[in-house]
Amino acid sequence: MAETDRRFFSGLLRIGAGPALWAAHLGLVYGVTAVACARGAGGVAAPTVVGLTLAAALGAGWIVGRELRRARAGPAGTRTSFFAAALAGLSLVAILWAGLPVVFVSACP
Amino acid sequence: MGCAGSVTAPITPTQTLPHQGGGLKRLALALVLLVAGCGDDPPVPDFGDPERGRAVIARYECGACHRIPGITGARGKVGPPLAGFARRAMIAGTLPNRPEALLAWLRDPPAQVKGTAMPALGLSEQEAGDAAAYLYTLR
Amino acid sequence: MRRHTFTRFAEALPAAVLAACSGPQSPLDAGSDEAAGIAILSWVMFAAAGLILVAVLALAAAAARAPAEQPRWATREGWVVAAGLVFPIVMLSALLAWGLSITGGGGGASSPPAAFRIAVAGEQWWWRVTYLGPDGSALFSTANELRLPIGQRVEVDLTSADVIHSFWVPGLAGKLDMIPGHVNTLPLVAGRAGTWRGQCAEYCGGAHALMAFTVTALPAPDFERWMAAQAAPAAEPDNAEGRRGRALFLASGCGACHAVRGTPASGTIGPDLTHVGGRPTIGAGLLPTQRGTLAAWIVDPGHLKPEVRMPPFPVFRGEDLRALAAWLESLR
Amino acid sequence: MSRLPDPRPRPPEELEQLQEVWRQPGGWRLASAVNNTYVGVFYIGTALLFFVLAGILALLLRIQLAVPENDFLSQATYNQVFTMHGTMMMFLFAVPAVEAMGVYLLPNMQAARDLPFPRLSAYAFWAYAVGGLAFFCSLFFGLAPDGGWFMYPPLTSSEHSPGHNTDFWLLGIGFIEISAIAGAIEILVGVLRTRAPGMTLDKLPIYSWAMLVFAVMIVFGFPAVILGTALLEIERSFHWPFFIAEKGGDPLLWQHLFWFFGHPEVYIIFLPAAGFVSMILPTMCGTRLVAHRWVVLALVATGFIAFGVWVHHMFTTGLPKLSLSFFSAASMAVAVPSGIQVFAWIATIAKGRLRLTVPSLFVLGFLAIFTLGGLTGVMVAMVPFDGQTHDTFFVVAHFHYVLIGGMVFPLFAAFYYWAPTASRRALSERLGKWCFGLMFVGFNIAFFPQHVAGLMGMPRRVWTYPAELGWGWINMTSTVGAFILGLGALVFLIDLARNFRPFTGGNAGNVWNAGTLEWLPGGNYATRSIPIVTSLEPLWDQPDLAREVDEGRYYLPGAPTGRRETIVTSAIAAEPQYLMQMPGPGWPAVLAAWFTAAFFLLLTVKLVTPAMVCGVIALALVLRWMWDTDLGPAHPPVDIGGGIVLPVNCSGPMSHSWWAVVVLILVAGAVFASLLFSYFFLWTVSPDVWPAATGQALPGAEWPLAAAALLVLSSALVWWAGRRLEADGHWSVRLGLAAAAVALAAALAAELAGQRATGLSPTDSGYGAVVYMMAALQGLFVATLGIMALYTLARSLAGLLHRHRRATFDNTMLLWHYAVGQGLIALAVVHFGPRVL
């Protein structure tokens, strides 16, 4: 693989990290709730969702911080850092929003 | 038509029906009837108001059995279609199509024609009059 | 020119929305606390959306007016971020929290226990309604109508006999689907006396458009009377026409599909007709129940409701048809 | 690079040769054209045809609903017509239209001579056109689908829809799946690898960004519906109960699969349209797009988040409220990027001086309509509100605001904006303003009242309604508006007929004074020479660029290898990597599409033997077309100007075909992931049909272990053959491939034999069905790779496969390793799953 292609794929990974974290979080909280409710174990859903949300939010926040530091460090790849940081920031908001329902809504009907 | 809302006298069986004549004759007859209908001395019936009749017909769902022009959704096929009712010679194939016969028929069909499938729906005299008035607008 | 179009459009908005706030099947004409809560949410969202729309359009119009010199905000990225990113996030966070509190409000431990349960099965294209006793056994079965005691919480178990349907009484609650293999439970609490129209909300083929029902809320004593009457078998006909109608019904095989408790008719394919004359409608909200519409339905249901499962019975004529319809009408 | 533009005179015969190489066939042979400027226009025209046809269906629906208890259309006809309207608008108009615009515009915008796989474009177009028309004609035989455009089982199961109607839907969708995936591969590789030198990702036109996200979304979104339609057709034909509740299937599985595709689909349609707007506004305002990087960010973010909102179509299915709320939150999140774009556009309008041309009007109309559609979108994302408005006319109004506002208005803006690049004359500004006015006013009269109808309780998909509900006046208003909207579309068609003159060899030129490369002068060959790109709007920043490009002063001013060719560049920095030779007009791809269409059509009406004949012919034609590819270093390296010498064609990870196979593998992986989801989903809802509950025996460990060993062996053999190819050990390559194919097939046979030995049948239960479906999917790869192995062998025997000409082998190898990996995961899930779950 050419050097330029490697840069392409590593950039892709950095940019995709935030959204991937959001997607994983959404898939996990949805899956946990679905299985817990289907198997009559609704009690485990809420704490798990809270834990997953905190972990994912920390992860997204860490990506934002790291990319912002990178952007400040030098001009090379600033654009990648911008996209990576902004997408991770948006993902952070989306993760917190996805975790918010636990406060208001009981897990299973 | 300019005569909407007014009610004309029903065609009696003694009159020649327009569809029995040739083209020109039919046209002439139609014109005559039109003039008769819109003339200045229409026999204003005292038995009902066609607009109220429309509501009566809708309320009693006459459209479940009959196709009735001007009534939303009235497309029943159980009974005969009522388009051109005012020009009908007969009611239920046996009664002469006159207001008094129609009123009686609407209030209690089985009492007029024993074997009819049309049930007595319990129309009041006023309702029957209004419904009849509407039916006579169907020319 | 543009500005005018926009302004006019914006002015038309609230007027048109206002027109929708009533009607026999309007979710904004609330008959329960739940529906009222959703209606409030709706109105607040309409108002906020109206304001935001007007603001955006006004901004676009101002921008398009080609000013002598460009406004300073226009070239700033920060402005786009503030208006397009920060503002939506703040607004949506608030809306989401409020919406979630309404979502979470319905169930939970705080709500009173259900007074009783009703099983409703969607079938192409009508509603089989079974009132259940405390032990889950069927008390009686009816069709295309529910009656509820005012102020009591009732749980409706929703199932389907064939395809997916959706149970929706806008005046009382949001809709909930009826899915083969699933039992979905919808709590209903009617806040006042009244009758609401409901309709199947998930396309279920053929006569989906003609699959409605009514829900009537009654004061407790009236409701108890109705329950007792429904549980009783069909009344004995008190005249010759009625007896003739019943005999025809039983002799013509109607009982293969329909049950009339108190007679040998015990079919379960179609609706239980024990008290059909007392139901507001026949054909699942299609026509008011009267002997005329019953007669029309018996002779040619497929014309009134295309693809209906009931076959036509043109064998009933004249007096026979009248008798049959009269008997059914008398089953109150 | 500094030596460009090259001031020296060009050889006189150079332009003539370029024209000759890119000359299009005339007369009826025009149908064999594969060049994007031709296929793109055919494609757009066909999409427009379906827009008109589906629009006429909409008018029929509106006539029926205009008054209560109407009987203009019968119930059965209405149900077919609304299903066809939705299906055609979504699958035969919207997706193909934006894809077609991409095929037409992207190469011009990136100053490439064509997209990297011209015949694939032609194949995708013809399969779509022929299949789509056949699908439409089902209406005339009463065979049109009538289950609604999202075809929920069990309404669409063989029990409740025994006729061919549903099969026609599945057929129609099959075509769109094929052509959408083909188009996505084309566009993805095209955007990443065929750009003008110097067009780094910073300088990539925003429309290219939009199409990049579009293509990625198709790659990950369509597989869910591909699998869903396959499962439904298999259930209908062979009674594998994926969606039948009594047998442990679940109707909701379909809804998950369908909406996992269906919601991203909305953005698949919207993003390219947003791309149009971001291209048109700067031109019309004479200024650069404000917050450019934020707009790109918004496109990318939308592409991601759109995959997290599918459940918001299922808010009323009785899922746990907490689960619903997650998706309510995600639906909020997807609104945010749209906000960024809207304000970036407004800022751009404010920054520049907006010329009120027809494209500008359509863009402004879009802004108004789409904003309202977005706001109602936020409303229906609220679970309680959706409970009341879901499946009502409120939602009908909402998605027409989003789709017509968000896609059709920008598309019309794009038609008016870019017509001068395809036609000798621009479209008429006067007629265009009428068209816009009628469409804008008609649209709002037609659809705004539908919000109100929904709030008065009117459900969607009802062919009639009772008068006493008071919905009559609203529906009448809506119908009047629909006809005004239709009139607007008619004005557009008149304008097209009067002014649109494509294929004349010339065009109207840069009439709007735009800054991007599609406005460079040129012919069928695109631009005479390919410029170095140094900014986002090169035509604004380099006033002489157009002239210099047309004088051949930049890269590749001729056709040095004597064939059609374009420069392949690296994905980020757009550095020239090699020169790709491309095919000219030809029939194999076109005929292959026709026979593919015939195959599916005949299969739908259960004429199996003729269908198989057509299928084999189609396959043979595809192989015939492939035979001319993988040219190897057919020509010594070429000096493209500016001191750059490029090799001709290329194998390995740098080649465009390798990238295409990678994309194909992503598609396959997404299909497989959807199947894995189905497996676990069915386990969640119906554990009672799983072996733990039924006592169903599981195959002994020897079966999966044998299968796994064979899979690994097969991969190893292919890897070894690849090593031998490097040494030109031809017989080892052939033997290795043949043995690998046998091992792959044997692995599948072992898995099937193991399952059969337990007595499990796919028709038993949802469990049996999904277990055998894993094997069936693997079987598809065994068959495909078997054919590819034979084809590779044939090329080897014909002397067309060697060390420097090995793309065919590499692509087969890549897919092979993927299939082995997929097979191993499937074995693990199928055999471990029931033991641990």
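Observations, loosely collected:
Letters A, B, C and D mark the chains in the order given here, with residues in each chain numbered from 1 onward.
In this text, a contact is a pair of C-beta atoms (placed from the backbone, for glycine too) under 8 Å apart; a residue touches a chain by one contact, two chains touch by 3 or more.
Please read these numbers as outputs of a predicted model, since none were measured by experiment.
Using the mean of the Cα atoms as each chain's centre, the chain most removed from chain D is B.
Looking at which two chains touch through the most C-beta pairs, you get C-D. Averaged C-alpha coordinates give centres for chain A and chain B that are 74 Å from one another. Note on chain placement: the centre of chain B and the centre of chain D lie 62 Å apart, centres being C-alpha means. We define each chain's centre as the mean of its Cα atoms; on that basis chain B and chain C are separated by 38 Å.
Averaging C-alpha coordinates per chain places the centre of chain A 27 Å away from that of chain D.
Within chain C, the positions touching two or more other chains are listed as 89, 92, 96, 100, 103-104, 107, 185. Residue positions of chain D with contacts to 2 or more other chains are 294, 318, 321, 325, 328-329, 332, 336, 464, 685. In chain A, the residues touching two or more other chains are 93, 97, 100-101, 104-106, 109.
If you check each pair of chains against the touch rule, the ones that pass are A-C, A-D, B-C, B-D, C-D.
Residues 201-202, 293-294, 296-297, 300-301, 304-305, 307-308, 311, 318-323, 325-330, 332-333, 336-337, 570-573, 575, 577, 653-654, 684-685 of chain D are the ones touching chain A in the complex. Across the complex, chain D meets chain B through its residues 67-69, 71, 464, 466-467. For chain B in complex with chain C, the touching residues are 60-62, 64-65, 75-78, 110, 114-121.
Against chain B, the residues of chain C that register as touching in their complex are 287-288, 290-293, 295-297, 299-300, 303-304, 316-319, 321-322, 325-326. Put simply, chain A touches chain C in their complex at residues 93, 97, 100-101, 103-106, 109.
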